[in-house]
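Letters A, B and C mark the chains in the order given here, with residues in each chain numbered from 1 onward.
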Amino acid sequence: MKRKTFLERAAAVPHIVWMILFIVAPLLFVIYFAFTDASGKFSFSNIVNLSNYGNIFLMSVLFAFLATVICLLLGYPLAFFMSRLKPSTQRAVVLLLMLPMWISLLIRTYSLLALLDNGGLLNSLLQALNLPTVKIVGTPGAVILGMVYDFLPYMVLPIYTTLSKLDIRLFEAAEDLGCNGVKTLFKVALPLSKSGIISGITMVFVPSISTFYISQKLGGGRFDLIGDTIERQFLMNNNKNVGAAISLVMMILILISVAVMNKFGDDDGGELIV
Amino acid sequence: MKKILALILLAVIVLPVLASCGAAGDTITLYVYNWGEYISDGSEESLDVNAEFEKYCSESEEIHKITGGKKVKVNYSTYSSNEDLYAKLESNTVSYDVVIPSDYMIARLAKEGLIQKIDVSKIENYGNIYDNFKNLFYDENNEYSVPYTYGTVGVIYDTSKVDAEDAADHSWALMWNEKYAGDILQFNNPRDAFGVAHFYQGTNPNTTDADEWIKAQKLLKDQKAVVQGYVMDEVFNKMESGSAAVAVYYAGDFLTMYEDNENLDFYYPKEGTNVFVDAMCVPTSSKNPDLALEYINFMLSEEIAIANAEAICYASPNKLVVENEDYKECMAEIHENAMDILYGYDEEKMEYFHDLPDDTRALMNNLWEELKIDGEKNTAIIIICCVMFAVFAAIIVFMVIRKKKKTLSY
Amino acid sequence: MKVLSKIYMVLIFALLYAPIIVLVLFSFNRAGTFNNYSEFSFYWYKELFRDSTALDALKNSLILALSSAAIATVIGTLAAYGINGMRNKYVKTVINSITNIPMMNPDIVTGVSMMLLFAAASAIPFLNVEMGFGTMLIAHTTFNLPYVILSVLPKFKQMDKHLSEAALDLGCTPAQTFLRVELPFIMPGVVSGFMLGFTLSLDDFVISHFVSSSDFKTLPLYVYNQTAHDVKFSMYALCALMVFAILVLMILVNFAGADRSNNKKKKKTRAVSKI
């Protein structure tokens, strides 16, 4: 057996130190603040008072869930069609899909607002055509639309990656053996792209449930989500304890659901990053 | 490959050094923290006040005495409410040299020791301020603040969207009018928003009576169903582009919006409204308090004060501004009644916000928090969520059972 | 079916791009509104280049992205080397899962936790912590680290262990072995880790939002600040420029990649034809 060299022993040390200082310690602070009151005394009141925020949690989960489902329904066919294109076209289309991912989320959300706002371009157009104008901004629909628009590429890309790796002859075989299109989709394509779907779902759900910019701009501050509430506690109300408690609960919820998700995709290991 | 590695290593070593170089050295940075859209910033051919100050510093002998001949750079950043400013100062992780809070916030910051005492006798141009803006309630001995502007809150509405008769009686009721549901904008900070509700229901915004605050919250909850959003400076774009019909905001900002959208109109509600003074202060954490005083002094000088007043359209407490003919002309060009709106309001109906006692403030914050997290369709959401989770759980159970069956059949 | 699928794809992409195209088009609108298009002009671009805050923010963003990605690459590569050599499975799992926390956690929680840490540190007098470049660098390096490790670690796993053992047997010191044998092998992973970190850091808004100060504003923070106030169309000009820059960059990267694979193919065919 080879002896471990000094380099091998020491190599991970800077990372471990960094990890303890800047990953573990900050989380300990979150826990500390969640379980103390403003004067620094131990208390459960923050956690108990979270029931006031039950509504916010439910609404955030609902919005994020709807956004994820819509993304999946819109994104899966797109990924499927993309994977069936000619290789050269495929590369161009993937590029086209990745471009919005590289543009800052703030810019994409704000340009969507500029388009949809009551006095925005869409309504100016409708007015010019003598059609009735629509009020979208300030409704729950606008927030969900914003989430779908912002995070759709994150759903498509991992699904496309798994689908494009599949052998096309699989589908042909299924069709030869008597499957119709729908059956092929459910019996062949879907099970084989499970890992892609699961990483797509996590990549849409997690940012959707924790967003605050989208709900601030497109929801007009009327539909506070968990993200807005946390941001307000820290940057406006100056109520670190409540903010930390909400963050802690959200973190635990998300880590559990991500873990469950990954268990589902265990066979393929799940590709979290693209 | 080696080249890339070398480049990365070089970047590691050089970049932080470069970054730190810019900060220290032969410049002094003056940190100014102000409201958004609250200075003449050089856009649209106006005077860039901060750049002027930097130039002034490099020329003035007096300032060389303070700076030791170093270059001065103004780091200017903005906040959108007094509460944001308070949270920043209280967090103690940033330091500023000049901040411009409103009256009630000045009282609070002074009480909590977050702003320092300043010696107004060191400020030459202090004499330019009208005497009735000295020794006001929030700073009775003129120890902490130097007035920058003052202003009032009123209702801004779009005449192309709001029927004349609805606005005719000049009431806060327009902000609650269901006809304009989805087109109304309310303040996004508790002090101002509760102020509106208090004025509307005829109670004093400085009341310490809990019931009156709860009643005000009830009003705001009712209003939540008809507002399009809670905004601060986003109101500019919303009103200028015609994205909303009714908004409550500051009178000076109405004039700025009017420059871009002539359909807008403005009134002071008959039930009364808020008047405020925004004044320049020096935070305790300031590293260059002497230079901060020079900046404050500079802001009071004639040319600069006029440039600011013309750019932001707020009322000025500065004699040299108000008595200047060019200024009056400029304001008249913006809006024919501009001077009247800014300076000619009925003082009887105006109320200053005072710093609230701790328990009332806590109550207000709690009520605001409740308002913000108050969902409209409570039960509907809960039902949808339950159904959603049930379906989700069913799918999981189904999948688990199938998996087990499969493994059994092998 | 084929036509339908094409229509579907075009439709989705049209929706995805509509707001961005609108933004780019109206950044050339002299009137500065969405309500009427007065004339095509570069006025807002000129305004943008007069705005020193925006240019400073761009500079800051690049400095921060480069340095945080570089530090994360160095620490992360070493860490991957160390983790790969670890024999205690338990320790390995613990380190791996803690490393992955910033990747799984919502950004807002990472940002908030960092803010709490720095706020607590600022209470310690001799540390003299103030929000600014330092805190931003730490925060960005922290969330870059897992991505670097994730792209380097598989390379270590793919590597043949006997290779480094052979080098050691032939008289290389461990450091030499690392630099001459192992590092070249893992280089593609290191480069992609660096690139990933660089882009993530350039794009980050949420974490920066909590740990920044006016001292050191990055581009996303500048954009956020703009959209919180009266938005001047010079911000749209900035966004349009960013879109162009990304477009050019992506096309370049893609062509470079295509070129390289073409070259490889050519070399292969040449080699084959020689035989």
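Just so we're on the same page, a residue touches a chain if its C-beta (ideal position, glycine included) is under 8 Å from a C-beta of that chain, and two chains touch if they have at least 3 such contacts.
Because the structure is a prediction, the values reported are computed rather than measured.
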Furthest chain, CA centroid comparison against chain C: B
Which of A-C and A-B has more C-beta pairs touching across its chains: A-C
Centroid distance [mean C-alpha coordinates] between chain B and chain A, Å: 32
Distance from the mean Cα position of chain C to that of chain A, given in whole angstrom: 18
Chain B residues counted as touching two or more neighbouring chains: 91, 241-242
Touching two or more other chains - residues of chain A: 119-120, 234-235
Where chain C touches two or more other chains at once, by residue number: 34-35, 119, 227, 231
Touching residues on chain A, where the partner in the complex is chain C: 2, 4-16, 18-19, 22-27, 29-30, 33, 74, 77-78, 81-82, 84, 91, 93, 95-100, 102-108, 110-112, 114-115, 119-121, 124, 149, 152-153, 181, 206-207, 209-210, 212-213, 217, 227, 230-231, 234-235, 240, 243-244, 247, 250-251, 254-255, 258, 272-273
Residues of chain A defined as touching chain B within the complex: 52-53, 55-56, 58-59, 61-62, 65, 117-120, 135, 137-139, 219-222, 224, 228-229, 232, 234-239, 264
Of all residues in chain B, those that touch chain C in their complex: 1, 4-5, 8-9, 11-12, 15-16, 18-20, 23, 29, 31, 33, 36-37, 42-43, 75-78, 80, 91-96, 232-234, 236-237, 240-242, 256, 260
Of chain C, residues touching chain B in the complex: 33-35, 47, 50, 53, 63, 66-67, 70-71, 73-74, 118-119, 122-123, 129-131, 133, 137, 183-184, 187, 190-191, 194, 213-215, 217, 225, 227-232
Residue ranges of chain B in contact with chain A within the complex: 81, 83-84, 86-87, 90-91, 182-183, 188-189, 224, 227-231, 238, 241-244, 365, 369-370, 372-375, 378, 381-382, 384-385, 388, 399
